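In the two complexes below, chain A is the common chain; its partner is chain B in one and chain C in the other.
For the complex of A and B:
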């Protein structure tokens, strides 16, 4: 169930994805972008703690586990980004008073980690069969010292970059769902990065489609 | 004739209540969609801190105190000092916060402020170094919310900027004979502020209506939130949208241009308050 996506004009590193690789969670996926690798597991809909219960929709909890050490403030802020993106695409009102838990385990970080979290999360939610209004994907863009835009940068490229932006793009209208940036940049550069990310998102959604089709088809 | 109504529409159907105003292009507190609440600023409010500021945006009140300490430089960055921001949302400011370790919102806000400091280069950390590889300043920026009525991130950035502008550091000379630092409290110098980042926050209602400077009620009913931070050169320091419903490009553009005008307004306010304190002395 492993596959790889090549690169043309918008260069992304090689992708890999595997779904249902864990037996205990209701949905699981591992997502690989170059050397960056994240494993995701989804539990739910399950019973919810009374203190976290929401009367008209499910409570989504996202936990990010770093490779070493305990989750810190940075992980909290990434958890918030992933959670609110998932909340917008999941139809949570179909499961009122229940809990969904999404666990993201970093296996290796070689840049574009937040976008890898988003991609792994989307694949795991799909694997869990949860109703969603749209899919989403994460794209990271780095602007280097010469003003060149690099999509899906490695950790070394991230370090050399002047600005770093991560967007979550939805699959229906290719709009920006989530945005998290570092460094300063002009409005024009932002618009360019959004346009490049939207282009890259089409590739990622095609990859989602191919990998799910391969998984469910009997002939391949 | 209407039946007697015992429940306020605001408490019974808050979303419908707000929608009825937004339909008429205004908001429940009488503001227009792109209007900020009155912003007031007071600096030097804490006499024991090295720099401080109190900001009110409508009812939202945020206080920032800056404490400077001498410390050893780190091995990775021998020529730099560092800045440690911390945002505290205590149970005092709203019923939604519980006592105990900081919750997700407080932690995410701290991270956001740290990112803004780093991205905007409001202070160059090289300026905080006293002797390369040995001694530097560390600035602890403690930001505390006293009253939470929405849009706490904007208020935090204004409080931080004003407090940094208010900060004065004493001169430090390293005694060559004993190689111990000597602090001259008589001679104090202001920090060099390189950039003036200012934020503008927005809420999205019903996936399409954009409002600025949301109150806490509007925040809880909205489908997405977004904060744009710009500096005086019109460069963006942060476009922070932690999720929620998606936004088309035109709407983002609208937010950015509103943020640029807000930056000018706030920078003017900060400069005015700083000057008024200077002339009073």
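For the complex of A and C:
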């Protein structure tokens, strides 16, 4: 069986976040992981189209805007991943017959885009002050040709990898809320990646906490 | 989602303020809001902040076949995306009036003014030219989108570098940025749009209207001009009658504003060039403000890996060994396979038929021999034994009715005999 992967690859790139940077949306955030950056805006709870109305909870719509061209199938599938994660953590039944719209704009793609979407989405939902049962974060792991695990891979590392997995992890019990995988891997590798992601998620949740504390502090 | 309507009180208040030469944000009549230009990590990506209005432009290129009527000119393509992020009134994937207006104005401003040398984008005449695509995304709508769009688009075009191309005979090679330095587009001049809004049937004029002012204005005049004071396009909308003097006055104001903005763009491009030359990291991540209370940054962090392997092992072992429910596939006869539980597949061929097949083969030989020496005895033999080999016979076997437990050997043989009889007749003839 495989050995523990070298610690050099198991790092998160520098990451940063800015909240409420746009004036129009009810909540907005930009999240940066290395060179990958995503901007998110949330509108809602607001009125909903009759055709999309759900009688006992809010309708959540997620839109992903690529940098070049129009949204395609790839964006649609990412939208679904993000939407299902958000639906699981948001307390949508508190706002029946209303709409929530989450728009994610790619600013630069340098790998781990889906996890950056998830992180930006969570920060924007927090900024909008929507009630949630837990926070969530996204972690991407890649397994390269030698079987080494790389967390938060860059685009180049993603290209060389044998398998790519993105997990959404909740803040209360560090459980997997969503997983999206590509490529082939063993059960053991999957469990290893989940364990790594759970460890990495602690760092991200700590960052969330720090940024919120900073935001509501009186001094810088 | 609908935009929040503006109430009458608010409308009256705004108009009253404009009459008194006051603006909500404390600007003077001819003042622009603060313009900030930042660049992305890759070439041709530019963010423009005009007050709270924010847009992003991204330029990309692609090798395509040229248009038939212009075989040696590159193609410029503009796409203004009114993302719902900018305003709740913008809908995804719908061409609104505003988006058509912005797109058209940007095309007139940048393509029809011939500010970009499209002939230099030709690679092989009539076969391959560069298509330059400019995508402009609205991020936040706080009025005067057109000016922000035009600044973002022209700055992104100036910032953009396309890959170098080498031609040897018929072979066209596109070099990656590592092999050869990418080359900038050749831009003759930089048209910039300046918007003027008119109130009270043209009595009052404001430069760079914000979103609230745009809602109460009567008319809009957009002048695109370059720093050489050449007007590239001029458009008036809102159905307002303007006097000649008003248009002249606006164009004078525009020329001042344009030279200011051009200077700012050049300075921004210069700064970015220096930063890139110095080899430092540049781009959106670096431009994130550090001093703001809403922003936080964390350096590269290592993830603990101490017990990861053990945990993974533990889980894998705990979830141990599903019972082997899937046996190796059953192959009753060649060409038929079966996996999993359930009754035996009785489709296709089963044993009796198999036997029959082999029987028939034997019988064939027998009949052939019999045929040779007893041709005249056929009729008397009737229901007894013999069949004859024929291609038709095999067809009959395939269509044979299937009853797994009780294969009717006799019915099979009768049908065979029928065929045999018919074939006999044929052979007789």
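Assume the second predicted complex is superposed on the first by the 210 of 220 C-alpha atoms of A that agree within 3 Å, B and C clash if a C-alpha of one lies under 4 Å from a C-alpha of the other, contacts with A are read in each partner's own complex, and residues count from 1 in each chain.
Here, a contact is a pair of C-beta atoms (placed from the backbone, for glycine too) under 8 Å apart; a residue touches a chain by one contact, two chains touch by 3 or more.
Quick caveat, the model's predicted, so the values are computed rather than measured.
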item: Chain B versus chain C as contact partner of A:165, first or second or both or neither; value: first
item: Partner chain(s) touched by A:191 [first = chain B, second = chain C, both, neither]; value: both
item: Which partner, chain B or chain C, touches more chain A residues; value: C
item: Touching partner for A:83 - first (chain B), second (chain C), both, neither; value: first
item: Chain B versus chain C as contact partner of A:179, first or second or both or neither; value: first
item: Shared chain A surface residues [contacts with chain B and with chain C]; value: 187, 191, 194
item: Touch list for chain B against partner chain A, complex; value: 104-105, 107-108, 110-112, 114-115, 118-121, 223-224, 226, 231, 234-249, 252-253, 256
item: In the complex, chain A residues that touch chain C; value: 1, 3-5, 7, 10-25, 28, 30, 32, 34-35, 37, 39, 41, 43, 46-47, 63, 65, 67-71, 99, 101, 103, 105, 107-108, 110, 151, 187-188, 191-192, 194-196, 199-200, 203, 207, 210-211, 214-215, 217, 220
item: Contact footprint of chain B on chain A as seen in their complex; value: 73-74, 76-77, 79-88, 163, 165, 168-170, 173, 175-187, 190-191, 194
item: Chain A-facing residues of chain C, complex; value: 1-2, 40-42, 45, 52, 54, 56, 58, 60, 79, 81, 83-88, 92-93, 133, 135, 137, 139-142, 283-285, 288-289, 291-305, 307-309, 311-313, 315-316, 319
